[in-house]
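Structures for review follow.
In what follows, chain A forms one complex with chain B and a second complex with chain C.
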Partner chain A sequence: MESRIIRAVDGIDFTVREGDCFAIVGESGSGKSTLGLSLIRLCPGDVSGEILIDGVNLLKLSEDEIRKFRGSKISIIFQEPSSALNPVMKVGDQLMEVFTVHGYSKSEAYQKSLQLLKTVGIPEAEKRMQTYPHQLSGGMKQRVIIAMAIALNPRLVIADEPTSALDVTIQAQILNLLKNLSQSYGLSTILITHDMGVAAELCNRIGIMYAGKMVEIGPLNSIFAIPLHPYTRALMSCIPRSLKENLKPLPGHVPDLSNPPKGCRFHPRCPYAKEVCTLEEPNLEKIDDRLVSCHRVGEI
Partner chain B sequence: MGLCYTVGGKPVLSALKYFFYRLLTLAITLIGLVTLIFILIRSIPGDPARVLAGMMASEEDVNLIREQLGLNQPIYIQYFIYLKNLFTLNLGISFRTDSPVINEIFARLPNTLLLAVTSTCTAVIFGIPLGVIAASKKGGKLDFLLSTFSIAGISLPIYWLGLILILIFSVELRILPAGGSGTPMHLILPTLTIALYLMAFIVKITKASVIDSMEKNYVITAKSKGLSERTILYKHVLKNALIPVVTIIGLQFGALLGGAVITETIFAWPGLGRLIVDSINSRDYPMVQGSIFIFALLYALVNLATDILYTFIDPRVRLK
Partner chain C sequence: MELIKGENLSKTYNLKISLTTSIKVKAVENVSISISEKEVFGLVGESGSGKSTLGRLMLFMEKPDSGKVIFKGVDLSRAKKDEVKDARRRMQIVFQNPDLSLDPRMKIYNTLKEALVCCKYKGDFVERIKSVLEEVGLSSETLNMFPHQLSGGMKQRVALARAILAEPDFIVLDEPTSALDVSVQAQILNLLIDLRKKLNLTYLFISHNLSVVSYVSDRVGVMYLGKLVELGNCDEVFNEPLHPYTKLLISSVPALYMTKKFFTQNHTALAENGEENPSGCRFFKRCPYAKELCRVKEPELDGDKHKVACHFA
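Moving on, here comes the complex of A and B:
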């Protein structure tokens, strides 16, 4: 099968292969949500470079053309299910819109929406079609949002912190749902998260983002086994492994992106930083099966 | 007076309980209000008996009138008689005209209602679409024009606007009557005066509310589904944005029911507003108390109606 390549640019390229799940992991403020919105061209700022889906550059499309792409070829799942649904519109109507705006008739849209609600595990689908968002729980709302995102079997689904606003038990259910859907639909997904655990649950490739840049990209397994970039290491040591081990929080915080530090953007927080790190910005270098941007990657 | 919010789809109060709760708070509010009015009107300097008898009347005549009006009784007795009458919906007899207060009020009420309805409708019909246009063309020339208009409309005093309209349409163009009532032509200038102010207000509130709703997350969701800006504005944003606008319209309409005092005075419009002013001037206690009581009652009822209207716009507010 021909693998289609989707490429986003933020100083660095990354690709998501068909049926793959790519995780973008980073702290809050690292620019990952902006990246997500930019991919679907809903970021209020300017985006330059190339976003390719099936060879079509989304940034070259007219406003009308990108609108036809949204929902059908590329879709997005948001973090806050409560605010992502229109409070004064019935759930069914909001779901049916995805179909009607892309040319389906009302009755087709109704049937397909009903089917979708069942697919995402919402009981009493007929009844739910007529309810308003506030009558659903957070988990149910997120299922509705997921239904909207997969409705037209898009080429790429962006999931921006899909479980962060939910209770832990619900989080697991939603993660399972996403996992099952991406397997049965063969979805290509970009998962944006701050949680290495969530990334490990769903994805096979992972990109670590820091201050608007990718610092390490590679297969999940090898990054989890041997994290190369000091920032990846720091993130990994934030995951509790046992009750006895103390958590090692990373000191400091993500720099202000309007005035990023010179050289490597991570150097002010990096325990391994040397003079070269404060002067020169490292490039992404290929090391075995991954890309890493660190001057000291061979030495540490 | 709070709204009845539902929690997880279940109403906090049943519709019937809610209605009785509202009636009870209404009754308490009204009793407080009539007491306040009773005290306030009596603390204005001036003696109604003296006003009625005239400046030249003798002290005996004034005393006689005072006795006829019951003003010689201690003030708490007057208060209890007033409250007792109120419970039987007897608003008393006007000092000035000797006819029942309720008749005088009902003679004026239709005029006030008419003016309130025509001006509110005019303001809503033009104000909401213009507000939406201003919001969707934010930063454009049209928005600038509409914003200037709405600032002017809100800040220009009504008496000035009324006089200017009279100057243009009655004095210069001679196409509309400057005052009085009776024909639809008489209605136009007072309606216009109130409607321009109200419309400016509605344009401003609608614009702000639409812009605010445009920034909500569900708008991004709608965009991500592939909906056009236009569809999003009319199908998603407008209904959300109208919720605060409805509140403002309800409050303003309620206030107009008490009579637009200045407008009615400028255009010699025989409504409640002028009745209240005339009654205060002649210290006609029963008339002042009666008309303010009726005004407060209407105002509260309009508020109740606005809250009920909410349940149709906002599904999160449900009575049943």
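Moving on, here comes the complex of A and C:
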């Protein structure tokens, strides 16, 4: 078998402040999910660098230590609720497991799980504890997953496309729930999504990823108002809005990461690319309230 | 001029829930739509609303339990076999996921050739396929490739090429961009709009994505649990929706795409649990405006140009 090495995430630095909601936005293949999995040390490949939560470097922890860390300090919500839940185990038992694994007694775990189901807005919580995942709708399942993620009051929740499998009306409810939870628990959130609209609903800061790199990081409002990186601009003008303004599609597609283009990774698709962009890789530079990696950012 | 019309279409499926029992699912119930030549008719609704089934019924891929489909004046349920075959060639479909709709073991050329064989094309296959490929923005090198060698957007272009090779008048686009990234989605949407102008096509555009539908459509229909609840010009439906369900849908779209909000967040909170209300309006349980009349009597789709099925709209 032939195998190739893919550097899915390449030299990314970012910080999430307490209580912040940080969105990582990118197209498929940009490395955003790999980044999310790396943060909680669930990524199968080699991860190098530093992941600091309250000063503790997750990459230095032993396997036992990280297990304790997961759930209590950092947790993750996946895209597809039906594959994240165990189909042959009652919802209540799955929730209780979070507590019993972390040292709670069975009766404590039951009470806490019940309370949690109420917190995430599941009606008739006692009854739902006894149901199997297939008896719940997609939105309800995602609520259960969210309950698991916040069970032990973690500092940071990573939500990887939490609403992509749901209908819009349900998506609106789940986003609402996440917003309320992070406000009332002072939770920090990293939202991974391909949907700029979802990011706009929930987050105050945003990082745009392209081919394994962050190309622009900053406050969401100012990036959406005036995107500086050509890729961010292109993404914004690809969004169909209700007004009949013309879409300006971006030509080409995301590069093959086993052999990324030299220089700036966006240069083959960039309308502003010059010679320097094909030779030298740009660094994230501070411009006003954000970071942008583009050689030509001042000129365009 | 009217190109295709569905009249009182209904379709019920038997869904097996265990070895011995099955339940009846009314996927589409008593729906009528008519699409004019060169029109783009958008169909929106959440999963399970019956929009894909309606698309299949319009193509006669699926025989309706009752109702009829009239294509260019020919009633397909009564037409002779040859007439149906001829009509079929003039109506095509593009599915959501090109990985499932393209044969992974066939080279693109062979996949596309099948379309020409089916419609008994007399000219030079290679020439014709090359020119259509060019129209959908692919190079002729693609011909010798397999689907797995192409990106998602390119595969969807191939699926589109296969549809237009038969020189159709009418294409059902069933979630054609839902599996694609936004930048590629924008490419495909613009391509669809160009092709419609160039080839005088008529589309039935099915999508759950309201902003995409509002971008491409002239008229739009909103489906809920097998029924058409609102129908009208795209601008009217999205700017001045009449049905509470349409209002709920539009309010649920992230503000970046659609800024109109007809419901507060408290209202959207009761949106889950779209159970059927057997005797009255299907939206009864989720509707914040529901009254006694809605529980007992089912509203009819009523109105002149902008139609709505609601007692109190």
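The definition used in the following text is that the second predicted complex is superposed on the first by the 288 of 300 C-alpha atoms of A that agree within 3 Å, B and C clash if a C-alpha of one lies under 4 Å from a C-alpha of the other, contacts with A are read in each partner's own complex, and residues count from 1 in each chain.
One rule holds in what follows: a residue touches a chain if its C-beta (ideal position, glycine included) is under 8 Å from a C-beta of that chain, and two chains touch if they have at least 3 such contacts.
Keep in mind that this is a model prediction, so the values were computed, not measured.
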Contacts of A:Pro271 with chain B and chain C, given as first, second, both or neither: neither
Contacts of A:Gly103 with chain B and chain C, given as first, second, both or neither: neither
Contacts of A:Pro249 with chain B and chain C, given as first, second, both or neither: second
Superposition-derived comparison: chain B or chain C, residues of chain A touched: C
Touching partner for A:Gly186 - first (chain B), second (chain C), both, neither: neither
A:Ser28 touches, of chain B and chain C: first, second, both or neither? second
Partner chain(s) touched by A:Gln173 [first = chain B, second = chain C, both, neither]: second
Residues of chain C that touch chain A when the two form their complex: 46-47, 151, 153, 181-187, 189-190, 208, 210-212, 214-215, 238-239, 248-249, 251-260, 265, 268-269, 271-273
Contact footprint of chain A on chain B as seen in their complex: 6, 8-9, 216-218, 220-228, 231, 235-236, 239-240, 243, 313-316
Chain A residues touching chain C - in the complex, by the definition given at the top: 27-28, 121, 137, 139-140, 167-173, 175-176, 194-198, 200-201, 224, 234-235, 237-242, 244, 246-251, 253-254
Interfacial residue positions of chain A with respect to chain B in the complex: 37, 40, 42, 67-72, 75-76, 78, 80, 83-89, 97-98, 101-102, 131-132, 134-135, 145, 148
